[in-house]
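I have a structure here, written as structure tokens, and I will follow up with some questions on it.
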Amino acid sequence: MSDITKKRPPAVQILIFGVLALWMILAAFPFLWTLWGSFKVEGDFFSKADWFYALSGTLTQNETGSSFTADGYEGAWIKEEFWRAALNSVLVCIFVVTISLTFGTLGGYALARSTYRYAFWFLIAALIFRAMPPITLVSGYLPVFFGWNLWGHLATCIIVLVAINQPFTLWMLHSFFKNIPQDLDESAMVDGCTRFQAFRHVIIPVMWPGVITTGLFSFLLAYNDFAVTAMILSKENQTMVPKIASFLGTTQTKGNVMFAVAAVVSATAPLFVMVMVFQRQIVSGLTAGAVKG
Amino acid sequence: MFLKTIITAATVALSTSAAFAACTIDSGRLNIIGNEFPAIQTVAKNATSCEGIEAEANLTADHQKINLAGMQGNPAEYTSAILANSSIVALINEDVLRPLDDLVAKHGQDIPKHQLITVDGKVMAVAFMANAQHLVYRGDILEKIGVEPPKTYEELLAAAKMIREQGIIENPVGGAYQAGWNLAQEFVNMYLGHGGEFYKPGTAEVAINNEKGVATLNMMKALSEYMNPDFLTHDSNATSAEWEAGNVALMNMWGSRTGRLMDAEGSTPEVYNNTKVSAPMTVGGGNHPASTLWWDGWTVAKNISDKDAEATFLAMKHGTSSAILNDETMGQAVWMIDGYKPAPVNAGVFSAIDMQTTPYPMLPYQGLLHTVLGDNIADFMQGKESAEQTLSDIEAAYTAAAREKGYLK
Amino acid sequence: MKHKAFFLFVLPSSVAMLLFIFFPIISVVVQSFYVSHEQVIVTVENCGPFGCKQATAIDQEATAALREAEPLGKFAGLATYRDRNHLAVDAVGSAWEKADNWRDFGAQMLNLPFYKALGFTLTFTFVVTPLVIIFGFVIAVAVNSAASAIRGPLIFFSLLPMMITPLIGSLILFWMVDARGIIGSALQYLAGNPDLSVKASTPLMWIMLMVYGVWHAAPFAFIVYYAGLQTVNKDTLEASRIDGANRWEQIRYVIIPHLLPLTTFIALMQLMDNFRVFEPIVSFAANAHATSLSWAIYNDLGGETRQLSSAAATSVLTIIGVAILLSPVLVRTWRDFGRK
């Protein structure tokens, strides 16, 4: 795309820059504010007296003797052992993403290639499934999980998250697969491949942008889910978000709110790494094959 | 006064005895489900420390969504639920709690009688802490305007008016008026203060659409005139934060929260040194405080083996024995445990007990009414509809909900 | 594609969805047709630390027999759907007869919990969905035009609104829009009104919830579009440029048609998610000003006494609502399908 960049007139250049700058402020400001505030005490972070305290750290100075404090981080990671929750989150994310994508690419591919009406109705059914509010689903699971002793385990949580996310994954991958020209796999099948071989050798190599994007959403879902994880994981299997919620609690014990803030800030770090890795994948995977084929 | 007397008497009696023995139980299983505030953390920590049993605890703000399902299985996942007088009803309704009479007879002779919660003569729970809402005020500000701490809501309104007119604080009254559970709780307080009855006697038919209901709503609205305009979004946490920021001089607040307001963290000395507590207020010339008394207690699940029930009983008994009290835990709650020494910060709750404040109603259908109150009062508070309209909406919504749950035909 | 191959390909997904979504939906639908048994209530004496009191309780023995006989409860047909807390058939009927004009009728309808929730839910859905699509597209095009060296950080920051758990994200924003928070203060300054408070005003609360909705969901549309832009056929783009298409025409005639299937997808997902709007209402404590259908379910399940049938009925109504809402998009997909 570099050739396009060169030819871009200044007016367009300024417009693009303006849009990006505005969006960056909107998107990043609350996060940067949180990052800054995570080194303050609660009285400053949620300053009811004057919002300027959050910048100057007046109470932080009074209570800790300096304008910055790492108490929140120390409390979360060392005292409350947030790393356990982080570890659980890693497990849940890896499994949810892998299983979701495996199920989803198979299903999504079939749905994009089938010309029969039932494929359409399958998609519609998946959509209707997704319309169900998760709270209702989870409260329906509880008696069964408790009854069959499935409650509290990471495996249960993983499979539930995969299932709940399946309609989304199917739809998304189905949309992406439809963008991949049919002749690609059909010519492979003419050459003697079975359907699965065509899928594996021809489609998989060109579908990365779609799969990675879908994977990103599966990841975000598993990483950020609260409705399911809070209700069906036992204390020792808790992932990060319910753990953060437990810092907050209903009665917000002093200092614990800042544990939550520090934990949230730390939880975004791996995402940063991940995005850096995958944006390369998206851009470079772009497809020599998918488009020209 | 009786609770305090019992407590002080017991302190003397027990200080010499060997109440601090470690806890060992032969075998069995303990799994606690409960809320997550510090006092319950302490209880769970001590109960699960018992040796010889498999012990776990799940303390979470979502406990009410899990506890029923977690006790309905057979065997139940949770062998004990920690509950309050409002939340125990949902579990009694579904018959998942074990009557404790036999276990009390066998192992619990030393549990003081006043801690036992009985329903229809059967012991269903053992209470370990008390709570109530009462007046919290800023001593320095009341001194400045030259009034005594208010004893009635009418006096509170007069004081608030003076504080505003003298330009000390623009919105001097605080309160947990967040639409939903908190707002409903304030209605319950104020309605009881007006001497109201929620139901026609002996039935589930709601009876709040009357003059007392209207007076209750009007008083709540009058108070809200002196509150931060965002009051419908302020829960107890937000109200406490307002207090610590020095934006509020008078409020009706939970006794369990006052410790946090009076400590040196999160506020300036001007605020925390002048934070004082007092008895709950009365309203409309009534002599009953416009507040409710609460207890928190533990229960034992029905669908577990006798051995597990026995182990649970013993462990929970240990978790709420005087062995758990030390300098750190003493201030976490108004404990009903022998050996507890009340601090000045707890004076509000003790006054509430002395004044014979009504306990929060332990009725099968009170939870429905509470939810409905929380959904409907906000419209009135915002001036969107009349008090009569709000009360009749509440009646209609409650009736529909109670029909669905089988309380009304 | 052959039937057998299709079946094998979709098998894993189907099993997962059947077990964890389809069966629960069936049980919810069944539940919504039943209500609890009539409760046998007796007067008892309850004692506790604060003395004894006459109260009522459920007679467990009498109720146990009823439970045994009909484990699902009492069959009620559509009674739960028709009652005042849901479709309120009778109340709507009487409002229709009594109301003098449309305005009056509307006001009476909005006093009923279901229609009040529906009002906000629909407004939210129809305002937020198009805005998310437009913003997402604009951002995607802008990021795609940026130098590739800074795209990584751009993508990361763009994802943040969706990434930070709403638990904390909304807590922070909730403080920021407070009358004394940084955004709240800025708004007061801009409006020149020192008493302005977002949290105290219904219209401002609605606007804030929608702004939050767009802010929170725009990254979703952005990332889907961004991935889609990577697959735009460069030859076609080149050809259109040689034919003299300007930048706007390239977007209009090459990129937008290429992204159309993705737009259908985003629209479907966003319509559905926005129709189920719930988290911001709880996090912003906005329920005094705005309620939604999902919030109503949460409220039924979260109270001290859980109203399962009521929650089930609202859930079924939500699904029906989503189906109606999506039907235009579905008809389009159906036609696309035929064309293949």
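So that you can tell them apart, the chains are marked A, B and C in the order they are listed, and the count of residues begins at 1 in each.
We take it that a residue touches a chain if its C-beta (ideal position, glycine included) is under 8 Å from a C-beta of that chain, and two chains touch if they have at least 3 such contacts.
Keep in mind that what you see is a predicted model, and the values were worked out from it rather than measured.
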Message: I'd like the most central chain, judged by C-alpha centroids against the all-protein C-alpha centroid.
response: C
- request: Kindly indicate the chain pair that has more C-beta pairs in contact than all others.
  value: A-C
Query: Comparing centres built from CA atoms, which chain ends up most distant from chain B?
result: A
Message: What's the distance between the Cα centroids of chain A and chain B, rounded to whole Å?
response: 38
Query: Using the average of all C-alpha atoms in each chain as its centre, how far is it in Å between chain A and chain C?
result: 18
Task: Can you check how far apart chain B and chain C are, centre to centre, with Cα atoms defining each centre and the answer in Å?
output: 33
Field: Per-residue multi-chain contacts in chain B, two or more chains
entry: 65
- prompt: Out of chain C, which residues touch more than one other chain, so two or more?
  reply: 178, 301, 306
Statement: Contacts with two or more other chains occur in chain A at residues 46-49, 139, 245, 248
Message: Under the definition above, what is the set of chain B residues touching chain C in their complex?
response: 3, 64-65, 68, 85-87, 89-90, 92-93, 95, 114-121, 127, 130, 178-180, 202-204, 228-230, 232-235, 293, 295, 336, 353, 356-357, 359, 361-368, 370-371, 375, 378-379, 381-382, 385, 389, 393, 396-397, 399-401, 403-407, 409
Task: Within their complex, state which residues of chain C touch chain B.
output: 35-39, 41-51, 53, 55-58, 60, 63-64, 73-74, 76, 80, 83-85, 91, 111, 113, 174, 178-179, 195, 197, 199-200, 202, 284-289, 291, 299-307, 309-310
- line: Touching chain C in the complex, chain A uses residues 1-2, 4-5, 8, 12, 16, 19-20, 23-24, 26-28, 30-31, 33-34, 37, 46-51, 54, 102-104, 106-107, 109-111, 113-117, 119-120, 122-124, 126-133, 135-137, 139-141, 159-160, 162-164, 166-168, 170-172, 175-176, 178-179, 195-196, 209-210, 212-213, 216-217, 220, 224, 226, 241, 244-245, 248, 260-261, 264, 267-268, 271-272, 275-276, 279-280, 282-283, 285-287, 290-292
- request: Name, in rising order, each residue of chain B that touches chain A in their complex.
  value: 35-38, 56-62, 65-66, 69-70, 72-74, 76-77, 236-237, 241-242, 244-247, 256-257, 260, 263, 265-267
- prompt: Mind pulling up the chain A residues that touch chain B in the complex?
  reply: 41-43, 46-49, 59, 63, 139, 142-143, 145-147, 149, 151-152, 230-231, 234-235, 242, 245-246, 248-255
